[in-house]
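Heads up, there are several structures right after this.
Shared chain: subunit A. Partners: subunit B in the first complex, subunit C in the second.
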Partner chain A sequence: MGERGEEWEAVMLRKAEEEESKAVKKVKLVTSDGVTMEVEISTVKEMETIQAFMNATDTDNSIIFPLPKVSSHILSRIMELMSGEYDQELVKRLSHEELKEICMVANYLNMKTLLHLTASAIANLIQNKSVEFVRHFFNIINDFTPEEEVQLRKTHEWAFEGVDED
Partner chain B sequence: MAPKRKQIERELVMERKRQKRRCRKDEKDRISELPDCVLLHIMSFVSTRTAIQTSVLSKRWKNLCKCLTSLTFCARYTGDICFRKFVSWVLSSRDHSYSLLNLVVISPNESDILDLIMKYAMVHDVQNLTMRIDLTCKPAFSSLPFIFCCDSLTSLKICNVYDPNVMVIPNSLHLPFLKSLHLERVKFTATTDAECVEPFSNCRVLESLYLRNCSMQNDSQALRISNSTLFSIKIYSYNIFAERKAYNIALSTPNLRSFTIKGVNSHQLSSVCNLPLLGAVSIGLFMVKSSIIIKLMRALANARILTLGSFTLQSILDDLSNSSTRLQPPCFVRLESFRVKSKLIDLFDGQISKVVKYLLQNSPRARVDVTRN
Partner chain C sequence: MKFDITWLTRMERMKRISVNGAALNCDDILHEILLRIPPSTIYKLIIVSKIWLRVICSPSFLQGYTRRWGQSFRLVGFFVCNFLYLGRPRDGYRRPRWEPALPILSTCREGDDLKHSGILKRCGYFIDSSNGIILSGLHPKTYYVYNTFSKQKYQLPEPQQFYKVLCMALIVEECLDGEASYKVIRARCECKLKERNTVSIETYSSKTGKWKQSTLMCSTSFALRPRTAGMVVGGVVHWFAIWGKLAIYDPRLGDRYIALIRLPIGVLTREHEESVLGESSDGVLLYGQSNNIGVEIWMLEKEPEPNNSAIYCNCIRLKYKWVLRWRLNFKVLWKQMPSLSTHSKETQLLSFLPRNSTSVFIRSGWNILLCDLETKTVEVVNYQGRGGSISWESSKIVPYFLPSWPNASCAS
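What follows is the complex of A and B.
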């Protein structure tokens, strides 16, 4: 019985701590389209850019952090991925645009796990694809002159054997 | 040739027009604004060939592929001349200020190219090396001894596909930082008068060892595995044709946590110590006599979780009726869980409990929960 009592006490103590941390530590993220999203401090832990800012300013509560490069749509997608513990299936359901956008945000906020996951998902999409496909996929502006490009392709001729056309 | 070139140029012009149209729609090339490390991170997941193709995307991408830290040279579906050009371009153009972390070489047809890659890898301190060798004749593979004493390697995987004589492992491997070793279809050798072959004892930090279809030069010798840091051993033997020879395996691995043995070969196992930290043991042997299985279990009696394949269980069951060959199983001191994989044969609960009763007859204190999947 004694042991049970102690166990129960520990559980209640943990719950109380959780409540306390919930009550105090929230971070407000303001997205590029003006939406304010309130997230728990634990969520922000993975966003090293914000974490570093918080460590530097050393404020205890209600931090407002503007994210001018992140839309509310993308931020909510990121929250979904985080709460789903970065499930591959969730990543597969993202559109190509979302995937690229999330990869860029992951870099901007320095989120290592998310960056790793999206980078590998993007890599899977461009693996063995033609230059034209990859350019189109990334919206890359080709700044080579046609002569330069032909020359470059010629020097790397061996790399273009057996490429998928789309 | 000339019309083809014209066609490419025409396609390029078209592409440019399309791009201009896209620009007007105000889509920016934001991916190219990402720092090198992110683009290289993406490229680390594609084949080296695809990574090199990205150099044609735009000026931003032109030299990125020279900074790859992971290289994959796959000679499948590629002509020898093409592969040779590919390899020599990468090796000569690479920016050596970037360390070489991972190298994968798949099915090179010519041993001199393999040597070229290996020498480069050794000089540039490769950390993780994977090779798939399907050369059918013994090649003049002169870099092999250097791989086996490379002090930058932390993981080494060699998958030899055809002839084990192509890949003979020397008396002793000197890989001081190697943590993970995976060998397939290699042959172990030692001086002729030695009682045992002991190739791994100089890998002082080895943690996991995977051997698949490996054989011995001299079958009378035992394979001794003595490493104090080793915590996982997996031995798979499916040599049903030419190399179907069982050998003795002698363990001197006081920190071993998990042991898996699968296949059709009746290797015998002994251990110098009682493996005090042993956790999961998995035995998936088939066409192997019950007495061999019981002897294996004697060396692994400290297991906490014992998993048996259905064929293994079946062969114990078959021999139960024959009292002349029946051996006394060991006392399993720490066994907590007994698991049966009954995917391939359907075993009745009654059959399983009969085997469990037999196996645990000398373990009166074991409180074991039996699960099947």
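What follows is the complex of A and C.
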């Protein structure tokens, strides 16, 4: 042990302090209904949009992050899903509205696992369903004229074979 | 706290998304959801709305979708290719006026439309088709490529090489959004059995618009079987060669070699009458042979030679092995359809289905049957056309399949 040893020790100590400060560092997410949710920095890791912002802004203070289009209800649902390690059963318990909103937020915050999970759940819901059901599910107004729809069905006869109509 | 540009654009997009209310309709989320819907449902969703039609028909979606689910095909009909006319010598057998040059036995309305469109009247004789692209013409100079999606017919420039007897291959590299890139190969067939371990071929590429001659080398002497069309699997061409062999040519990296392997020997081999090639659902070459007793089908397994560590292996550096997949006695079919047994002398394997390891088409007299090799069941394929007017003995009957791709332009 000599000077070098001490130096090494100092570096380790500084590292440990840094780790510690990182561990306690929290991110505050402010939802559309004005609720502030404090989440750990590890949680934010999966939210690539926020992560990218944090990497770009080098700040020591705890970060406040506004989510103007995410309600506190949806955010807490997302937290539940994350802490439950994205259990399929939890997804099944979501209402259609919740599922759609979570899917949008997952896309917006760039959360890959959550996006995969919710997109698959929605795909499962609408497969083998009638076109009317799909429109209703997505709140879509049919913007084809009756003539256009007939024409599409005619030119894609193969796609509609063996399909039970509404 | 500073906001960087990317963050701002995200915020902007978010605002835009939520303003119109139907946020799930934004293209990238829709993409994510639709990619996960199985082929049985996905294509009927084109009538949900104009946005959905546009997303489902977009080349980027279709590319991602087929990568995930594989390509599905639909049968349109059967082309009849009469060998007597296609490579007809000057003094050969003339086609009677009443007989169409490129007959199609249509199996659906699309097939009827193609038949009545008149397009097939000016295409010469059928040679091959792949991914909906039809290669036709008249040896040795006139060749056409017809793209069913764009409804465009293109006459290839006149070939530079004269081959008295030849076989061909059609390689469709990509076919999306109406645009296809493809290659057409003409290969010389030696009619006199000289000792020869090379073959002259000429390749047309849609990218260059030109024919290019090259000479392929093989380690032993060989000759390609005349008037056949090569089976292309994953860009690799497979031709029947004489003396019960199969010639394999991999043009992808510009190599000029032919690997020659022996066709498998089965119980029917000695007196088999029909040989056909196909592709399995997982992209492996299939070989089928039949006589009037039954059918045998193999798949060609290949692996790099053990002492070869290169990532890419040329076709001559691979080890090939035939694995018997199916053996079917036609008696099983007669039990299901006793009326067909009267044609038992005239039963043969017609062809495989695209990317399909478990089904084949079988001909029995004028009947075309779809046979499931797994369940050993058959069903009759109804087609439009007079079976009696076809010279089955001198013709090759080739199913015409189209990839199941929707087309947005039909709506506008």
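By definition in this document, the second predicted complex is superposed on the first by the 136 of 166 C-alpha atoms of A that agree within 3 Å, B and C clash if a C-alpha of one lies under 4 Å from a C-alpha of the other, contacts with A are read in each partner's own complex, and residues count from 1 in each chain.
Criterion: a residue touches a chain if its C-beta (ideal position, glycine included) is under 8 Å from a C-beta of that chain, and two chains touch if they have at least 3 such contacts.
Everything numeric here is computed off the predicted structure, so don't read it as measured data.
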{"item": "Fit-or-clash call for subunit B and subunit C when the two complexes are aligned on subunit A", "value": "clash"}
{"item": "First, second, both or neither for A:128, with subunit B first and subunit C second", "value": "both"}
{"item": "First, second, both or neither for A:49, with subunit B first and subunit C second", "value": "second"}
{"item": "Contacts of A:88 with subunit B and subunit C, given as first, second, both or neither", "value": "neither"}
{"item": "First (subunit B), second (subunit C), both or neither touched by A:113", "value": "neither"}
{"item": "Which superposed partner A:57 touches (first subunit B, second subunit C, both, neither)", "value": "second"}
{"item": "Subunit B versus subunit C as contact partner of A:159, first or second or both or neither", "value": "both"}
{"item": "First (subunit B), second (subunit C), both or neither touched by A:146", "value": "first"}
{"item": "Candidates 39-47, 111-119, 183-191 or 309-317 of subunit C: the single one with C-alpha clashes against subunit B", "value": "39-47"}
{"item": "Doubly contacted residues of subunit A, that is, touched by subunit B and again by subunit C", "value": "100, 103-104, 107, 115-116, 119-120, 122-124, 126-129, 131, 134-135, 138-144, 149, 152-153, 156-160, 163"}
{"item": "Residue ranges of subunit C touching subunit A (in the complex, touch as defined)", "value": "1-4, 6-7, 10, 14-15, 17-18, 21-26, 28-29, 32-38, 40-41, 43-50, 52-53, 74, 108-110, 404, 406-407, 410-411"}
{"item": "Footprint of subunit B on subunit A - complex, ascending", "value": "100, 103-104, 107, 115-116, 119-120, 122-124, 126-132, 134-135, 138-144, 146, 149-150, 152-153, 156-163"}
{"item": "Touch list for subunit A against partner subunit C, complex", "value": "49, 52-53, 56-57, 59, 63-64, 68-69, 100, 103-104, 107-108, 115-116, 119-120, 122-124, 126-129, 131, 134-135, 138-144, 148-149, 151-153, 155-160, 163"}
{"item": "Subunit A-touching residues of subunit B, taken from the complex the two chains share", "value": "5, 8-9, 11-13, 15-16, 19, 22-23, 27-32, 34-35, 38, 41-47, 49-50, 52-62, 77-79, 82-83, 85-86, 89"}
